[in-house]
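One chain, chain A, appears in both complexes that follow, with chain B as partner in the first and chain C in the second.
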Partner chain A sequence: MIDGIHVAALEDIPVGEGITIDRDRAGTADDIAVLRDDDGSVWALNDTCTHADASLAEGWVEDGYVECPLHSSKFCLKTGAVQGMPATRDAITHRVEVRDGNVYLYPRSS
Partner chain B sequence: MSRTIDVAGLVDTDGGLLDRAVFTDERIYRQELSRVFATSWLFLAHVEQFAKPGDFFTTYMGEDPVIVTMDKHRRIRAFLNSCRHRGARVCRADYGATRSFTCTYHGWSYDLDGQLISIPNRDGYPDSFRPQDWGLVEVPNVDSYHGLIFGTWDPAPLTLRDSLGQMTWYLDAMLDHDSEGTTVVGGVHKWVLDGNWKLAAEQFATDWYHVNMSHASALNVLAPTGRPSDEIVHRTGRQYVDPRGHGHGFPVHPKNRFDSQTVHEWTDYSALRERLGGARVEGPLTTGHANVFPNFSYLPVNGSIRVWHPKGPDRMEVWAWTIVDKSMPEHVREAQRLYNLRTFGPSGIFEQDDGENWSEVQAISHGFVTNSTPLNYQMGLGSERDDGRHPGLTSELYSDAAARSFYRYWAELMNTPAWHERSMP
Partner chain C sequence: MDRGVVVVGAGIGGISAAASLRARGYDGEVTVVDAGDFPHDRPPLSKAYLAGKTGAADIALQPEHWYDDNRINLRCQRRATALRCEGAVELDDGTMIAASRVVLATGATAARPILPGIEDDRIHGLRTATDADRLAAALVPGARLLIVGAGLIGAEVASTATDIGCAVTLVDPTEIPLSQAFGADVADWLHGLAARRGVDVHTAAVRGFTSSREGITATIGETSADFDAVLMAVGMRADTALAAAAGLRLDRGVLVDDAMVSSNSAILAVGDVASPTGAFTGGRGHWETARLQADRVAATIVGQPLQAGAPPPPWFWTDRFGLHVEVVGEMSSGESVVVRGTFGEPPFAAFALRGDKLVGAVGVDDTKAVRAARRMIERDVSVDAEALRDISIDLRTLLSR
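Then we have the complex of A and B:
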């Protein structure tokens, strides 16, 4: 997997939103949320919120954070660090790279 | 039937008498919520309030809070706005756009189909817990007529179209000016009034009678000379009397209207005559007033549509929208908005008079002797007829006929076990 998983063309991930990569495809325990911040940068976190069953790819991405769509906990896009209740555990991050307008994901082995 | 009140003795529509208990009695009010509001088609919103999936608007059906929203298939649906867990509202905003509805109490979340999609501490629930059994309660029937969305809790209702009956001919005078239809301008004005909701509903159904007395000062202000002409004060017209309690009164005149000069000048009356016919353009499209039973009222010339939300026997909330023809250019829309605001907005020169009357009537209604003295609804008794020009039965412009029909139908519903009673074992 030296080239990573080709996730999408960069332009197919709207700024401020995200897409979900299925766990079977990523080879991970959880689905992975690939998220695009409002500065255009791309980040990846485990998709399921550490608080309850919610998809972070459905959340709001802004200013370096993703906010859970259901209960409003926020996580740092870069480190996965949880910013506030009701979640208390950090999210797991994964490496992503953008090359030639395409997004590649390097899942952290779980 | 021991818990229900027989209202037959309170409403005498043949004699034109009404017992004031219908405006004040707490048990009658509870029965209204159960047998009138839980069974009737109620106005929810205008279709133009929803552009994309997840757009929502929160309102009430009777006292039941509901979320009206567009689902992923762009279908308008409505759900009881109360969490299945401990019952708080799952949407606390007036309107907006969302992907899900999350209760702020413990965090149960529902998707746009009303399905329960996430609960905190899911592992704490027994194996028998099935999320699919705990979705939001859905309003079983939602339908629209020319952009107006209605819903009913009745699982097997008469269709909206059949429920409106011949009232549609009159409604079209406001809603069907051209093929583009109507849209909403501005937000929804909401205000609280002391007064039973029926005082407002029956007035919009039936009452031109109060205009020259209650609105004398407003008429003076609007008249270019400061004194309304004899022609304006002594109008004649008709009043549509619907068997399902709807009513629509209107002066009949080729061009005599109160409305914004800008809107008047923009309006293509010959095109309207072509589309709607002369009887409608010279009738319900003039300065009329109307109520769709039970609590949706409108003023065709102003583009004012409103709901009288019941808040106990003694109080109502007025929720009012301004609608305009989509084909109107911006300056005409703005003229219509300002004209409606000035006359029938919350501080409008006419609206203020009406609210004062309803609150005045309610304020004294609990006095024992006051409450025991029946009210008079005898004007135009027996005057309803087929006038050969307007569909259904009509009475005179000055008449209580539509009010009598309103209370006749109200009493019929109040004395009939509702769908939720019939399905009980």
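Then we have the complex of A and C:
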């Protein structure tokens, strides 16, 4: 899949928000959260928080991080690195590209 | 010469202190001593862990290899019995561990009021995984459970036990428990959930118990009823035994300054056992408070500057009857309350305002509102009540004004 998965038009992901790409569509073990940071950039992480059963697509996205909606563990959008308990494991990241106003996802094989 | 740090207690405060010491570059010996089997988180003990939906590995604060990876010397199933003034911590097996600084993270114990008949092993407290294991064994479908105290833990266990199929009675002498924490309206609605979900709720005091082989008879106000198990969820008492023996200044906990240092400069305290006297207080008894204080402990020990400015607003969460509830700031210090969404129909949120400043927020299945509110409080932005109420307005846009 050289062109990646077309997941949305960029304008359909508001700044600070996220969407979930179903695992069946992504071909991955977990759903994928495609998140838009407040500088407009787009990032993708496994959707399920590594601590508890929460969707990071529902989290608060700001300043390079997504904050889990349940217990506020933060993950770096770029690297997936966890920034504080209760989560202790990093999130898995996936590559995203924006071309011609469209967002393409390149899921990391799992 | 630095002889290392001994952390007494392996809850969120103790483990966070150890983690922060390493994150801040501390290179000396770090030992964590705890009486329990393994360092675990406490919030799940009244929820998923009690329900059997998560196990010990899920509630471990850190994976096992973390302690080796970070050169943390973990001593579980051991009690610290004395803090020696020559710079050592004595354990119950006679071991002495040298320490230049001691971090007291001994937490608290579940309060057990002196009531007639309370000495029965079917009358539980809930503080540790061991407590939760014992209580879980009693929570079989059809079991009659009395919960004394409708605070966070009482209400959460009422929810968990109802899901299991227990017949739950919840008793508290306060008509609207937790009204300081949630604000009166939300507290009333949340407390009412229990009755609406089939819990037998009474506003009354429990006066005592009579035991028989068939069960425990509890005297509730002027009446009495029979139960298979009882949970006392009536608050906690800071575990200050070590601190008292070491001669530290105490009130209900160990008095500490803004650097988390006690009246003995070699001894610091964090979390439920600490009683901060300075500006950096945080919400007492809360998970996040312990975590934030632990980072200050580490900064003090390594001699790095403490984070200046106002402490972050207190924040906590609770889960009951399928709802995730979060509170930030202080609902009780508002002059007016604004509701976003339809009150009583989650998701909804309530904001407490003082003038044009937000001082608190509670979200019921509305974590975005709470995260926005937290930033409004931290950044001291002026907010318009009408805008908070208007669900067509993205709260994020109110932050940049």
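List of remarks:
Heads up, the rule we're going with is that the second predicted complex is superposed on the first by the 110 of 110 C-alpha atoms of A that agree within 3 Å, B and C clash if a C-alpha of one lies under 4 Å from a C-alpha of the other, contacts with A are read in each partner's own complex, and residues count from 1 in each chain.
Everything below uses one rule, namely that a residue touches a chain if its C-beta (ideal position, glycine included) is under 8 Å from a C-beta of that chain, and two chains touch if they have at least 3 such contacts.
Since the model is a prediction, treat every value here as computed from it, not as a measurement.
Three-chain overlay on chain A, with chain B and chain C in a clash. Once the two structures are superposed, chain B and chain C can be ranked by residues of chain A touched, with C on top.
With both structures placed on the common chain, the touch criterion links A:67 to chain C but leaves chain B unconnected. Once chain A of one complex is fitted onto chain A of the other, the partner contacts of A:86 extend to both chain B and chain C.
In the overlay built on the shared chain, the residue A:58 is in contact with chain B and with chain C. Aligning on the C-alpha atoms of chain A brings chain B into conflict with chain C at a single listed stretch, 56-64, out of 20-28, 56-64, 200-208 or 272-280. Residues 58, 69-71, 86 of chain A lie in contact with chain B in one complex and with chain C in the other. On the chain C side of its complex with chain A, the touching residues are 12, 16, 19, 41, 43, 61-63, 66, 288, 291, 315, 317, 324, 367-368, 371-372, 394, 396.
Interface residues of chain A facing chain C in the complex, by the touch rule stated above, are 14-16, 58, 60, 67, 69-72, 84-86, 88-89. Listed in rising order, the residues of chain A touching chain B in the complex are 51-54, 58, 69-71, 86. Chain B makes touch with chain A in their complex at residues 99-100, 102, 107, 109, 117-122.
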